[in-house]
Amino acid sequence: MSLALTEVGYRYAGATATALEGVSLRVEPGQVIGVVGPNDAGKSTLCLVSAGLAPGSIGGRLEGSVLLDGTETRELKPYEAAQRCGILFQNPATQQSGTASTVFEEIAFGPRNLGLALAEVVERVEEALAVLGISGLIARDPHRLSGGEAQLVALASVIAMRPGALVLDEPTSQLDPAGTRLVGDAIAHLATTLGTAILIVEHKTSLLARLAQEVVVLDAGRIVARGAAATVLDAPDLAAHGVRAPEAVSIRRALELSGLGDRVAAADLEVLGA
Amino acid sequence: MALASAAIAFAVREWSGPLAILALVVATASIARLGRPLLKFALATIPLVASILLVNTFLFPGATDVLVRIGPFAATGTGLIAAFQATLRVVAFALSVAVFSLTTPTDDLLSDLERRGLGRRAIFIIGSAIGTIPRMVERAAEIIDAQRARGLDTEGSPSRRARGLVPLAGPMISGALSEVEERSMALEARGFSAPARRTTLRLLPDSPTQRAARWLIVLATIVLVAASLTGLVRLP
Amino acid sequence: MGGQFSTRVITLIPVAIAINIVLGYTVQTVLKLPIYLDSIGTILVGVLAGPLAGALTGALSNIIWQYTPGIGGGAIGAFWVVAAVIGLLAGIWGRLGVYRSRPASGTQLLLAAIVAAGLVILLVLPIVNNKTYLDPSVGGFPDWAVPAAITIAVIAAVVVAGFTYLRRDLAGLWVAAAGVITGLIAAAVSAPISAYVFGGVTGSGTDLIVAALRQGGSDVLSASLGQGFFSDPIDKTITSFVVFIILTGLSPRIVARFPNGDRLVRAEAIA
């Protein structure tokens, strides 16, 4: 399933300034596209628009076309959009229903809301856990999980809705390095195994260097650069848009500046993900 | 059943109603070995009971059968009786609810209510509120401790205690409210507003006897309350 | 699924209920102040989402409080009607735009601030003037009942007037008025419950006032009413102001998404 935005503009309810303007982008099944940009660039807005929550749940004015598997989001109710495109936020705690005593119940929350037969609910929960490799958490108390585990449970809850596309708004920003790695691996796995179309907003450009095929730079509501991940993340004017280049790139530049560039083998830098 | 007994405790005036309920409650509690937790609930009613006893005994308006005089205050017999009745009512009520809350796991209660059609929004509100309270109490305790370290007075004069209120309420409220928007979007992403009938996860065992007993209790409650309120039947 | 009970409102209500219970318990038990402060959540929901949502929040708060192990007990649950009424009124005030900012300056503002403070102080006068209150009360409590009442009233008046003036916002006056009216109605509704069920006392700090009134010869109902007519308006006025402060602290963007949003935010306020 694909996610396609064409000439999308968006303005929040009652606001005079536009949050997004002329945004066009397309994510194919199995593809991971990264989004970077300074604060207030409209990255979170882009996520809400792509998932159909804007204008569906928060109002506002949408221009252009947002197609989820061929259907316009403005024609979808929030619960219908949720089954086509899932969304994950940065805070693992606020994404828990708060009413489940086990991870199983937590993940079952979504399918149950759809009124599916009990057998199918169980099947979806087990499948979501298996895809993310966290079947061992099934009986744990959701309130006692580590940040990374909780975020994965939140991801499983969203996947249980069987969306073809997924939007992630800085999913690792509140996690420690271990949690970040967990979530990063899970995302890569989703794209390759389930063929989910993934749009991920991140400040950790090193993570994007590893996961994304393409990267888009958003600034003041517009796309100012796009292309293959390696190219975009290596661009010299990245910092001008308030984005920090991946460590590997910074290291390489520092080495070049100090004249040691040719001493370090290209292969070594590849290991770093440059 | 507990709800019925609570209603009876209140509506039936004079002595017999509350006394009977109290006996029932204590009996149930001992069967279920609930002694200690029940005691905690009972202790919570002490300030109320003390107030009731004192104010009613000494200050019952219009009573003249004086028992004892302490300074300008006169304890009256009528007052004492009224005090005891009120106390019994309150204690019976509080303990009935206590037994109910101690014997019924929240999860099961909510699950069953939902199955009977209460609606996912109501269930969510109740379940979420009950779950949020302990977490907020913890947060409040943390804030109080942090403020105490900075000099907040919880024992001093009223005005000092009042001043300590803002540093407590502020962070607690803003912290809780800031999450509401994201929480509601997460709920939408999990299909919360879908129109379908929510799938039931667990089924509580029920039997014809239990069902019959329930109907009987409801009927009895209605009859007793009506009889007492309309004065048809005079109970001691 | 929309109207007064949209998903957003459904998410807000449990948080409001928890705020009611935790704050109310802390104020009454830990800080031991003679006010309730257990309606902040109720009024907040009423103002943001409407009368029905507010009433539900109030009613559920009392019922759940009664039922919670550890801090439950007493007889809070019986007063669910009062809490529901408070929520209902808050919804009406919200719809009427009472909580909308009304910038002003100069004499108009000064006048509003003074009237607002006056309203609050006015409520203390009957207490202070009535000799009955000045007699030492029952139960071994020291004589801090009256000074405490005056302190609270003065603090409330200063907050109300200061807020109205410093924020250059006429809404302060309307919020104060709404709080006083809500308090009076709440007192009127809770007095009969209190009088019948408990013989006029509720186990909180306000009982001293009831005791004092009784001594003066009032009957149970009037004593409850008398106590209520002091504590409730003060408490509800303070609470209404707290809610107003909270509202002004919230991003207008977010407030606009609630059912009463358009009555609470001025159009130009949103960036």
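Per-chain numbering from 1; labels A, B and C assigned in written order.
FYI, contacts are C-beta pairs under 8 Å (C-beta built on N, C-alpha and C of every residue); 3 or more make two chains touch, one makes a residue touch a chain.
Owing to the predicted nature of the structure, the values given are computational and were not obtained by experimental measurement.
Novice: Can you list every chain that touches subunit A and also touches subunit C?
Specialist: Intersection of subunit A and subunit C contact lists gives B.
Novice: Which pair wins on C-beta contacts, A-B or B-C?
Specialist: B-C is joined by more C-beta pairs in contact.
Novice: Between subunit A and subunit B, what's the gap in Å when you average each chain's C-alpha atoms?
Specialist: Measuring from centre to centre gives 45 Å for this pair.
Novice: Could you put a whole-Å number on the gap between the CA centroids of subunit B and subunit C?
Specialist: Each chain's C-alpha centroid was found; their separation is 21 Å.
Novice: Subunit B: which residues touch two or more other chains?
Specialist: If we look for residues of subunit B contacting two or more partner chains, we find 124, 127-128, 131-132, 179, 183-184, 187-188, 192-193.
Novice: Give the residues of subunit A touching no fewer than two other chains, as numbers and ranges.
Specialist: As it turns out, subunit A has residues touching two or more other chains at 57-58, 78, 98.
Novice: Of all residues in subunit C, which are in touch with two or more distinct other chains?
Specialist: Only 7-8, 14, 257 qualify.
Novice: Sort out for me which residues of subunit C touch subunit A in the complex.
Specialist: 7-8, 14, 252-253, 256-257, 265, 267, 270-271
Novice: Touching residues of subunit A toward subunit B in the complex: what are they?
Specialist: Within the complex, subunit A contacts subunit B at residues 48, 51, 53, 56-58, 77-79, 82-83, 86-87, 89, 91, 93-95, 97-99, 101, 105, 108-118, 121, 154, 157-158, 161.
Novice: Quick one: which bits of subunit C touch subunit B in the complex? Just the residue numbers, please.
Specialist: 1, 5, 7-8, 10-15, 17-19, 21-23, 25-27, 30-34, 37, 40, 56, 60, 64, 66-75, 77-78, 138-139, 144, 147-148, 151-152, 155, 197-204, 207, 210-211, 214-215, 217-220, 242, 246, 249-250, 254, 257
Novice: Can you list the residues on subunit B that touch subunit A in the complex?
Specialist: 107, 110, 120, 123-124, 127-128, 131-132, 179, 182-194, 196-201
Novice: Under the stated contact criterion, what part of subunit B meets subunit C in this complex?
Specialist: 10, 37, 40-45, 47-52, 54-56, 58-59, 61-62, 73, 82-83, 86, 89-90, 93-94, 97-98, 100-102, 121, 124-133, 136-137, 140, 144, 154, 157-159, 161-162, 164-165, 168-169, 172-174, 176-177, 179-181, 183-184, 187-188, 192-193, 195
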